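Each of the two complexes below includes subunit A, the first together with subunit B, the second together with subunit C.
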Partner chain A sequence: MERFEVFLKDRESVKILNIQGFLDAHTAPDFESELQKLIREKNYNIVVNLDGLQYISSAGLGVFMGVIEDIRGNGGDLKICCAAPKVFKVFDLLGFPSLYEFFDSEDSAIKKFNVKV
Partner chain B sequence: MLKKIFKILVILIPLAILSILIIDILSFYSNISVTLISYLREIVIFSLIFLCYQFIKSRLNLDELTISQNLRRITYLIAINFFISIILKLLLNPEYSSSFPAKYNSLSAVFVSTVMAFTASFTLVPALFLLKQLIFYKRKRNTSLIFHAYLLVITINAFSVYFSRQPVGWLRFSNQSLANDISFSVALILVIMLSFRNEWITYLSRKKKIIYFFSGIPTFIAIVALFDIVYRQSLPSYSLTIAALTFNMWIFLLIYGGLAISKLFLQLPTARAFDRKIKELNSLYDLGRLLNSETNINKLLPLITRLTSQVLESHSTWLELYEEKEHRFTVVSQINLTLEEIKNNPFLTNDGLNELIIKNKDSILINDIPHHRQFKNLLQWKKEVRTILGAPLFSNRGQLMGIIYATKAKEYTFDIDDVSLLQGVSNQAAAAIENARLLKQSIERERLEQELKIARDVQLKLLPQSLPKVENFDIDAFCLSAYELGGDYYDFFYFSDGNPGIIVGDVSGKGTSAALYMAEFKGIIQTLAKNHKNPYTLACDINRIIYPNIERRSFVSAIIAKLNSQEETVVFTRAGHTPVLYCSGNSHEPSNIITKGIGIGLDPGSKFNEILEEYTVSLKENGTVIFYTDGLTEARNGEGLEFGEERLLLLFKDCKRNSAFEIKEKLVKTVVEFCAETPLHDDLTFVILKNCNENFTSKP
Partner chain C sequence: MKRKNKKFQIKLPIETVNLEIIRDFVAHIAQNMGFSEENIHRIELAVDEASTNVIKHAYKPTNGNQKFISIQVTTYPDRLQIDVIDSGKGFDPKKIKTPAMDLYLKKMKRGGLGLYLIKTLMDEVEYEIRPGIRNKVRMIKYRNQNVG
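For the complex of A and B:
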């Protein structure tokens, strides 16, 4: 079983979720429950940092889709940053860049939130 | 044959005995002795005993006798011998000389000796056989050898006694009696060895031990008395052979009987405890057998409490199983508890007695509930609970499964034996419950596997059963599910203008949900295709219908293509799918085409329609297009290495001029070789489209 880990940190009222390892059908529920927890605690400004992510499957992509309506419906957003080229390609092929904002760095993603606020 | 011989013998034996008697009477009066006749006489007598031995050996089936039958018979035989001998002695008052061997001093002595000799022979020989059965109760490797050696030695002893004319057992080791004494000593050693083979006593019940001990004593006295009545004078005066043989057997009976009675006597005090242990073992064995034969858990649980209550003779009994999710116990079966009592059962949490049992991982016995303040609530709950015994049930892996309790209505009614008994019961019950649960699980799993197999068969039917024949096109396709149910899909259909269409799709996720969406997807495409002329509008329409009907986290990536056989082109649109592999007829370098587009079901429509592109490739002059799913590029080998796009491009470059079928074969072969032993982790699907207008030669 491939390793998968989620780390949460706060930066200027934005929640950063750093996900590492393999995000597939087995590990997707872990990631989803973290996101759901943030939403339950009314945190709607979320950045998902993918710099440690090695692989993402369609089930992993589904997690983003599963929470985005809730987040945007509450005036927040989920932004994605630091995806490795290989991982970004998976998002890109499926057309995610037209649905989500992608950033090269965590800072620029956070800045985007703050500009909006 | 044997029967005939025995019939003859039945007539011959009395004749022989009678003739010996006549000779004896004659010689008593004439007072002459002829050596030859004396030899003959001994031979006849010895043969009679030998025949008796053979007869019993061949005709009587003693193997099936129980110990009590066996002992009774020995007692009868000794009694017969004893009473006949004593009656004869009292009635006829035989007189003998005091020499050895004794001589007849009265005619009555002749009769008495004759009758006594044969009575002794015909009772002690069978008695020896019965004794043998007892000795063989727990037969060891050399038991039979010792016994037969004994028979041989006493025969030798009989002859040596006859020739030495010295009494048996004198043990003076003089020149005359040397052979006699040595053989007797050997016989004695063998008898002592055999006499310790009395294990049958150990396993007798207490009652039988008492009966056998008290009936054994008079029998033993009778055996002792036989010496004075029979062996001192009567038998030696009749025949030394017979006297020696029967005397040896008598010694055997005496020693064996003496040792057996002593052992019985020694075991009497512990008989009760021994009995109880045996009973305990038996009930545990029965219980284990019964429990293991019940595989239905709903019947097993009541059976456990019922048997426990029978074995322990308890007032009330209940079994509670631990529910891991709820961290509490549930009473699953009970004897003599009302519904109200079950509801208010103070034993359903981890505290109190349960806590003690769980903590110590051992059974617990409290014999005087009323005297314990901390258990006051028990009496309030049920006033008949005055003695309580509880034992934990542990699974094979040592996990707590539950606790079984038995109670009695009086104080001090369970003892330490009951504790071990309940512990034994709980072990058996735990094993039986675990087995029943495992069985239930495996039945359930089998049922699910069966269902999955059916689903898989249905799903396979959803894939095209044959390849379409399209003018100017050479088409082949491949689809393999990594698991029972797959999320990959390809299909052929027709656009409204009659041109054939192809779709290759990949439903997100795996297993059942993916398979269900795939079925839905197929229905939608087949319905909608008739209304559309080009892949772009069809894709938009599909997305419009799928989006509200699909779970938010699910989506479908797809390539929808239209084949134009006149223009020899393929028009396709890529809705978030893997790139399209293309090589035109006049190019040597294949390429990956990535057009704009997003997955079906990700967006309600506006963005989807805005972004989606349509693209046309020409297949003129042997061009090739391959649509595939990510299962192909993401196929992994044992080292976790992906097959990847570069490998795919190289492979394609190598076989781009081959026929669609050959390309398919090559792709499958290469991927399978790449993955080696590693099973697929994603479905693998591809469709190959080739132009076959021109003649081409396939590369070797």
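For the complex of A and C:
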């Protein structure tokens, strides 16, 4: 059935969420609960690595929109990296690149938090 | 030899877990028709968005009878036609506005992006709404057109 997994790792003070598989209305709640957990624990510097993401629908994009205010309101940011062209296209169709920073590599996303990589 | 139209249909309970089955169903047909990988993705995503709207919004939450969504696909020589059908409460297509995406995003408004995406991804979109009886979102993708 639906294949979706979230892996969390720390790199310096930045939390990296690596999401893999298919992000749709069925799996979006899993991703959202991981992000909410980070926010509850006061982690506001977050990189979402989409390297293993094969598919995203607007339900997945809604998760990014739902948390960003909280994160930025607390002085942090959520940066996105490593999206496959097919996945990036969906973000692009909805104008996300004007509001979220996208990077080609995890390192370059982390560097934006002024962390030594 | 004249190619005949072909019809395919699936009917599933309205559960988000079935979205993957719906996507695979339409993707398989689009693939057999020879659509490009990019267009197959567009079709899959549009049908996912229409189906998600049905699953999330078409029916009032009750403990009554199980509710269903039907996906009817018709292949024509020049196009693929997909109808997403439910018998829920429906909606007023006239009230669907194309959101100014930059403002929409700045307000961090969530949800409601599906209909905008469908319009962007498909060549034609039509609505036929009969609340409680039969609501239909018809989406068409032409073989030799790459709109949007």
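One rule holds for everything that comes next: the second predicted complex is superposed on the first by the 114 of 117 C-alpha atoms of A that agree within 3 Å, B and C clash if a C-alpha of one lies under 4 Å from a C-alpha of the other, contacts with A are read in each partner's own complex, and residues count from 1 in each chain.
Criterion: a residue touches a chain if its C-beta (ideal position, glycine included) is under 8 Å from a C-beta of that chain, and two chains touch if they have at least 3 such contacts.
Nothing here was measured: the structure is a model prediction, and the numbers come from that model.
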{"item": "Simultaneous placement of subunit C and subunit B on subunit A, clash or fit", "value": "clash"}
{"item": "Touched partner set for A:L38, first subunit B, second subunit C, both or neither", "value": "neither"}
{"item": "If touched residues of subunit A are counted for subunit B and for subunit C, the larger one", "value": "C"}
{"item": "Which of subunit B and subunit C A:E69 touches, first, second, both or neither", "value": "both"}
{"item": "Which of subunit B and subunit C A:S58 touches, first, second, both or neither", "value": "both"}
{"item": "Touching partner for A:C82 - first (subunit B), second (subunit C), both, neither", "value": "neither"}
{"item": "Partner chain(s) touched by A:G95 [first = subunit B, second = subunit C, both, neither]", "value": "both"}
{"item": "Contacts of A:V48 with subunit B and subunit C, given as first, second, both or neither", "value": "neither"}
{"item": "First, second, both or neither for A:L17, with subunit B first and subunit C second", "value": "neither"}
{"item": "Colliding stretch - subunit B into subunit C, listed as 253-261, 613-621 or 649-657", "value": "649-657"}
{"item": "Overlap of subunit C and subunit B interfaces on subunit A (superposed complexes)", "value": "25, 57-59, 61-62, 65-66, 69, 93-96, 98-99"}
{"item": "Touching residues on subunit C, where the partner in the complex is subunit A", "value": "16-17, 19-20, 23, 38, 41, 44-45, 48-49, 52, 55-56, 101-102, 105-106, 108-111, 113-114, 116-117, 120-121"}
{"item": "Contact set on subunit B toward subunit A in their complex", "value": "487, 506-511, 551-555, 557, 575-579, 594, 596-599, 602-603, 607, 611, 682"}
{"item": "Complex contact set, residues of subunit A against subunit B", "value": "25, 32, 57-59, 61-63, 65-66, 69, 93-96, 98-99"}
{"item": "Parts of subunit A lying in touch with subunit C, wherever the complex brings them together", "value": "1-2, 22, 24-26, 55, 57-59, 61-62, 65-66, 68-69, 86, 89-90, 93-96, 98-99"}
